[in-house]
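Comments concern the structure below.
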Amino acid sequence: MNDNYNEQLDLFHVNLDGFEGPLDLLLSLAKEQKVDLLEISILELASQYLNFIDQMKKIDIDLAADYIVMASWLAFLKSKLLLPDQDDEDVSAKELSAILAFRLRRLEVMREVGSKLITRDREGIHVFRRGMPENIFLIKNFNHKDTLFDLISSYSGLRNRNYDNSWKPRVFSIFSIEDARNRLEKMLGTIVDWTKIEDFLPVNNDVSEEGVLFRKSSLASIFSASLELSKEGMIEINQNKNFGSIKFKIKENRSNINEMLA
Amino acid sequence: MIEDNENNPLIEFSDQIRAVEALLFAASDPLDEKTLKDMLPVDTDIEEIMNNLLNLYKGRGVELKKVNNKWMFKTASDLSFIMQKEAKIQKKLSKAALETLSIIAYHQPVSRAEIEEIRGVTASPGTIDTLMEINWVKIKGRRKTPGNPITYGTTDEFLVHFDLENTKELPGLDELKSTGLLDSNLPPDMYPIDDDLEHIEENN
Amino acid sequence: MIEDNENNPLIEFSDQIRAVEALLFAASDPLDEKTLKDMLPVDTDIEEIMNNLLNLYKGRGVELKKVNNKWMFKTASDLSFIMQKEAKIQKKLSKAALETLSIIAYHQPVSRAEIEEIRGVTASPGTIDTLMEINWVKIKGRRKTPGNPITYGTTDEFLVHFDLENTKELPGLDELKSTGLLDSNLPPDMYPIDDDLEHIEENN
């Protein structure tokens, strides 16, 4: 395991790939201090972690949330450690440091016992059971090897299989800009005076989510189409004040043309 | 009766004898003498070892046997009443049986028609029978709906075998999702275990 | 060295001992004393039988071992150098899986949330699954706290694989318990003493 750590330390300035999360990173940084975890300087450790994360952010913007959360917590802890103790605090900076040291030590011992476990005499590697088991008649269900895992994974597999999980995008009924332009052109041919934008909207009294979306999209599309038409010199747009009502009117010369065409 | 190590002739046995004993015990097939010899030091007198082992296991619950020039341990033939002659019971349930069992476990009390609906296939007639034969599934009663279909549920033996205290200990939909076993897009209305499961009164 | 049956103490063994020997040999999986007893006459002193078998197999190539109050035969561990030739290649556990396994073993029964808390990362789906699939980890039940989370623990297979008689024998368990390192929160004796506060400020 130690060799593994040394390898990771070499990679410190490169990436986070070798780490199993922020606690793992902190533990590796702590080991760099080369002191007993119980005597570790949490302030120094917090600074190291924050520096490391800062460097990482320059290379990799997609830093996992776990690391960012730990960084902000450590920044908080660091500021608490540097400031004089406040009386109204629920938890003292020292207590928070102790909790962090405890968590690091706890993770470390879990790794230690893991390496102890894995080096024991293991069945199927060092030690073996009977290679030719015989069926025992008298023990009921003895020969059934189905486990709970088999049962629940079978159920999950069944559920996954029967559920159509292909993704279908939701189709919204919206009023396209193209439709809006056609509608505006048609209506402005018959309207001569300044007319509010709302009067151009298609009638829709649907109160469902769909209906609301349709009305919002028609307002947006009519407005966009009006900008297009105005740019082309076909209509005039008027708004007296901020958030005041928007009005359209066909351009004078254009209405004449329309009359001539009509 | 063997009282202590001083009187136990076994500890005098050479490591080679111990090794052959272990190899034959762990082997999944009978081993011939050449195979055994290849695993042991060159000067090993394999015949003497086999003779020693033969004597050692004579009259015991487990005997050393030579079959087709290969050696194997076998339980003594006079104890065969304990052993099953042939493996009648499969070691693992078939996929269909395991699926049916899981549906019964999660949806009990459940009728055959409902099982078929969930599995999306017509149940083969033997599947539920098999599960009832090994006593993991039982008839729970009849549902008080038209046709009064028979409903099925799991037995205490099922709980014992799968080391469950009760069927509520089965992981629920959310838990299956968090393990990654279940597609996380499954709609929530497919939640398998009804919280009121116990309150559904069936004719037991 | 055994010359003939007259000098072989083994044939004096009662049929009951032979039967238990045969059963444990045949089973390959650990069997508990109750199961063994159920298959023998009512007056059987199972403890005496086990003591006899333990003595008989002491120092042999095949040894009798106790796992979670169940009995099984296994090859002697000092013969591993020969047996390794027979060993099938085992999948290597990932660092995350071994860490998760250790946490489950030493903290059992333990919930997924607690495992994540100790590891300081969100568990990738699949880690606990893998451990359940190789049958080292099982669902222990639901905790009677809000949310009733499922808790995990180790199986008999885990004990067999790592040559442990029971979970109390996990290496270093007592020491870890006494130092409070298996507690879920900071143990009381690890709380900092307020008098030292100025000292820490000076240091930094």
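Lettered A, B and C in written order, each chain numbered from 1.
One rule holds for everything that comes next: a residue touches a chain if its C-beta (ideal position, glycine included) is under 8 Å from a C-beta of that chain, and two chains touch if they have at least 3 such contacts.
On a predicted model such as this, the values are computed, not experimentally measured, just so you know.
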| item | value |
| --- | --- |
| Higher-contact pair (C-beta pairs counted), A-B versus A-C | A-C |
| Distance-to-centre winner among chains (Cα means, whole assembly as reference) | C |
| Interchain centroid distance [CA atoms averaged], chain B/chain C, Å | 19 |
| Averaged-CA centre spacing for the pair chain B and chain A, given as whole angstrom | 44 |
| Whole-Å gap between the CA centroids of chain A and chain C | 40 |
| Junction residues of chain A - those touching two or more other chains | 128-131, 134-136, 138, 147-148, 153 |
| Touching two or more other chains - residues of chain C | 23, 25-26, 39, 73, 75-76, 83, 86, 129, 138-139 |
| In the complex with chain A, residue positions of chain C that touch it | 23, 25-29, 31, 35, 38-39, 72-77, 80, 83-84, 86-88, 90, 93, 95-96, 98-99, 101-103, 105-106, 118-122, 129, 132-133, 135, 138-139, 160-164, 170-172, 176, 181-182, 186-187, 190-192, 194, 196-197, 200-201, 203-204 |
| Residue ranges of chain B touching chain C (in the complex, touch as defined) | 1-5, 8-13, 15, 17-23, 25-27, 39-40, 52, 55-62, 73, 75-76, 79, 82-83, 163-165, 168-169, 171, 175, 178-181 |
| In the complex, chain A residues that touch chain B | 128-132, 134-138, 140-141, 143-148, 150-163, 165 |
| List of chain A residues in touch with chain C within their complex | 4, 20-24, 26, 41, 43, 66, 70, 81-82, 84-85, 92, 94-95, 97-99, 101-103, 105-107, 109-118, 120-131, 133-136, 138-139, 142, 147-149, 153 |
